[in-house]
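Alright, structures below, take your time with them.
The following pair of complexes shares a single chain, subunit A, combined with subunit B in the former and subunit C in the latter.
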Partner chain A sequence: MQPESNLASRRLAIALGLLLAIALVVPLLGQPYYTRLVARMAIFGIAALSLDLLVGYAGLVSFGHAAFFGIGVYCAGLLPMLGVQQVWVIVPVAMLVAGLYGALSGLISLRASGLYFIFITLAFAEIVFYIAQGLRMLGGDDGFRLPAPTLLPGGASLANPVVLAYTMLGALVLAVWFARRLSESHFGQVVVAARDNETRLRAMGLSAYPYRLVLYTIASALCALAGVGFANLVEYASPASMSWIVSGEFLFMVILGSAATIIGPVLGAVVFVGLEQILSALTEHWLFWLGIILVLRVLLLRQGLYGLLTGRGQR
Partner chain B sequence: MSSSCKPDGAEADQMRLECEAPLLEVRGLVKRFGALVVTDQVSLSVRPGELHALIGPNGAGKSCLIGQISGELRPDEGEVHFRGQRVDDLAVPERARRGLARAYQVPRLFGSLTPAANAAVAEISRVRSGFRFWRRAATDPALAAAARIALDRVGLGRALAPDPADTGAVRPASLLAHGDKRLLELAMGFASDPALLLLDEPLAGLGPADSAAMVALLRSLKGRYGILLVEHDVEAVFALADRISVLVGGRVIASGPAAQIRTDPRVRAAYLGESE
Partner chain C sequence: MTGGLVLEQAFNGLQFGMILFLMAVGVTLAFGVMNLINLAHGSMLMLGAYFIAAAATKITAYPLAFVAALMLTAVASVLLEVLVMRPLYRMGHLDQVLATFGVSIAVNEAVIMIWGREAMFVAPPEWLDGTVALTDTISYPLYRLAITGVAALAGLALWLLLARTRLGMRIRAGAENGDIVGALGVNVRLLFIGVFVISSLLAALGGVMLGPLIAVQSGMGDPLLILALAVVVIGGVGSLKGALVASLAVGLLDTFGRMIWPHLMGNIIGNIVANASVYILMALVIAVRPSGLFGNHAA
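Our next item is the complex of A and B:
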């Protein structure tokens, strides 16, 4: 978190502008596969940056973040059964439910720290996972097909890959802006201070707990937004979307990109999704190569993909 | 249980007396770790504006005593009164909000933040603006002004300003020199505008120049704040302290003005190393 020099931030701005331009052009090419890939990257970008608020800024390594992703997926799948398809109902409901679960589980998990925090967040995610798995009328372990897609105001359907890609790109840009703004606020400074030295913060009269709880709630709600997008992308809702493996993938993206940068984890998500597509086409042992890449990142890049772009990356 | 030494219904009197009454009063404090008694019936007080020094050999229980006053350790017996109110059931942040600040033996800073941002967090804490989600901390003029005052107070203001010749980068606190870390630690203690500051060995690990600067700084702050100073540097303590208490084996064996402590035979025997 060193302050960036002008040159580095200009390099970063150019690189991000280019990436965004590519992402905006691809859906126009009329290739559904690549359009859906862009949507997928944007969706996981939102999920990864929401986790970065916890891992990077608050130093809270959550291993249960997929629960909130899954809550978003299930909300997007369940509400159409009640005849609700409007995005302005589904997204707020999904974020509210995820935020509530985040607040309630955070009340308990944030009492712990370090390894215990990791395990308690995992446990809370597993609770949601097994509840979803136990819902027989919703297909249990198999999940269920989305009865109807989410609709934008005006009637455009997120089942259309082009609409989905642009919607999620817009959501991603908003989420990046929101998260950066939040991290730079008075609130964000207290959260970072609590990560750096909680003892000092307490000696100055602030208890870290309420600040962490609010942040945890915000991060949970934000991840549900990504979940709604994901349900529309795969047109399916299943417990797999909230398994601990997905939580691990989110962490992978954050670390790959560099924590506490917001942009870094978004790049991590883009590269992760891209590698997943390329490597899984080449070999069935693609997870092995993904693992190698993570090891190389930790060994070689001080600030992950983010550092590569700002030019301060090499160890 | 009575929360004050004064009778109820005499609040007006108490307000008038507040200036003369001790800021901090510790009564019969006892702390045991198993069979080991680290604090043994300790009573002491700090008056407003007074610098009360606590000296004693290694392992005398000085840091433990400070910890019980700040709230990090819970005493087994005894009471801690601050500004006329009993505080020994309060957690650290609550005591801090009442004006009881602490500087640590090992500087505890927000390592990834610049010195100014460190001081800004202290100001956020003081004015309770931690739940402002939208106002940028880095460009908030009120925070910047408060941070400047806090850094200037310890002489760090100019030294840590961004160098215009550089790219505008300011080093994070974790990269400061040790002496500057100590000064920043002190600045953070005073930034909340406390009534009493608990200072745990502010001179530890400082070279002669930094040490002299710190003594001068403490002298300039004396009188404005009540200070309870734990320090090994006996020269500095005798130069600064209004009152000195000597802690040996968890007990206060002597307490009084510097001149009296200097000549106290028990102190000389136990601590000043007459025969060592």
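Our next item is the complex of A and C:
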């Protein structure tokens, strides 16, 4: 870290501390709407963070990340039908299934690059989307209501907004810690090196492919965690949770905050969820304005929110 | 399955493939020449459909409404190019994906603001309302045949434009090296507007012609765009030949798949496979040839 960014990183730390403090206090106020909002922000924070591992650190622009989110949603919806409600079964199963699909699709996707990678990840997400949509016994396109919520050890239910908010906040903090460790590790350095100069990496005798595949698998599994939270938040599972629009929204969160910063995309998710709530309260046609904001972010706000906060330009 | 039915489905697949071609060719052209990934391309198809639906309520003569719809799309695409697309040409893929995704969300909502949430319907022109006898027992709608014909003509016109005219030569040169073309005194800015308008018009043409066949509603272009993206990847980005071959292959695969897979695998799995078959094909192609069938360089 450069010395001149000392002040900036202190400013960032204060802002983050404040944000976390607010997030921790809000559920105590007894206002379910705001409690659920905090849970929603934490859930999308995890999703955006997992995508940032790919987009920011590995330079892999995935346009199909919602598939893994949706897998999490469906696991949280399906397992209670088999009588399984415990979080320590549901989360590992969701992450395993998503990780497996990530690894298998990654085997093929990661052979492609650039434009091809963007579209092939979209294609693999569409495949999952059509599988969910085709399962008519699960409501097909309409989806289904969660038969029962996920339960924490001790019996607390994620259907309770306060429990959900604190659980997802805890998961988010863990995810941030994990992602930072990962990005600073030897493994993370290789992934970044592959992003910046793959030829040089190859000259050093390292192939980027296995590293990227492992990262893709991790990011996929992490996103499923967010999906489990989301299913409990909306108490519903439907193919809409894995549509290409959701993938686009995830990318928006990452870029809104600025990629390759881990914290940035989490901020991006917070602002995105806030925007969504404010705009939809103001106008029925809030999607129009969301689209305009997205365009303006790309054309005008070049360095993202993180850059705005720390006063640093985009690398 | 009878021979007549197969013939009918083949015509349907061909028609679907040609509509996909109109979409895919615009995607591949914009990428080849301006290096632009345009996810708002489906919006152009949708705008074409809305414009013909709106024009048809004011203008009774179909050919006039047809021209009016295309002209309105041309105006919209010039505005879009100048306001949003031009700065994007020099940005990275990620920025392009996001900004054009934003445009498509905004346009999807804008048509709801203007025309409401209800789907609109367009009547095909009366003089195309009949059917043509394919065999003694099977007849085929004249309108669908006309679509295939017009799309094929548009493809041919595009090929003539690119291969035989000065403008086409410049476009091809721009795809090779835009900076050099600019240095040679060609107005690249104008050239890019031209290419963007052409690619938008091809998509809009698809929308105008699909108007009478499917419900005109917000987001109608998106599934077709995603299929067109698959076509472009399968064919190889930047390759017109690839776009044509892959469009027809995807059109036929999709149409016949909807008939065959449910038959072979039962309703549920069959339907899933039918819906996902194009993407499965795409994954297979990428697994074997990471830059598509006719793509010769990494995009």
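Here, the second predicted complex is superposed on the first by the 302 of 315 C-alpha atoms of A that agree within 3 Å, B and C clash if a C-alpha of one lies under 4 Å from a C-alpha of the other, contacts with A are read in each partner's own complex, and residues count from 1 in each chain.
We take it that a residue touches a chain if its C-beta (ideal position, glycine included) is under 8 Å from a C-beta of that chain, and two chains touch if they have at least 3 such contacts.
Bear in mind the structure is a predicted one, so any value in this text is a computation, not a measurement.
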Fit or clash between subunit C and subunit B when superposed on subunit A: fit
Which superposed partner A:G114 touches (first subunit B, second subunit C, both, neither): second
Which of subunit B and subunit C A:L267 touches, first, second, both or neither: neither
First (subunit B), second (subunit C), both or neither touched by A:L7: first
Which superposed partner A:L206 touches (first subunit B, second subunit C, both, neither): first
In the superposition, subunit B vs subunit C on subunit A residues touched: C
Subunit B versus subunit C as contact partner of A:L182, first or second or both or neither: first
Which of subunit B and subunit C A:L251 touches, first, second, both or neither: second
Contacts of A:N197 with subunit B and subunit C, given as first, second, both or neither: first
C-alpha centroid angle, subunit C to subunit B via subunit A, nearest 10°: 80
Overlay on chain A, subunit C to subunit B nearest C-alpha distance, Å: 14
Parts of subunit A lying in touch with subunit B, wherever the complex brings them together: 1-7, 181-182, 184-190, 192-193, 195-197, 199-207, 211, 214
Of all residues in subunit A, those that touch subunit C in their complex: 55, 61, 63, 105, 108-109, 111-116, 118-120, 122-124, 126-127, 130-131, 133-137, 244-245, 248, 251-252, 255, 259, 285, 287-295, 297-299
Residues of subunit B defined as touching subunit A within the complex: 70, 72, 91-94, 96-97, 101-102, 104, 108-114, 117-118, 120-122, 124-126, 129-138, 140, 143, 167-170, 172, 188-189, 191-192
Subunit A contact footprint on subunit C (complex, rising order): 31, 37, 39, 84, 87-88, 91, 93-95, 97-99, 101-110, 112-113, 222, 226, 229-230, 232-233, 237, 267-269, 271-272, 275-276, 279-280, 282-283, 286-287, 290-292, 298-299
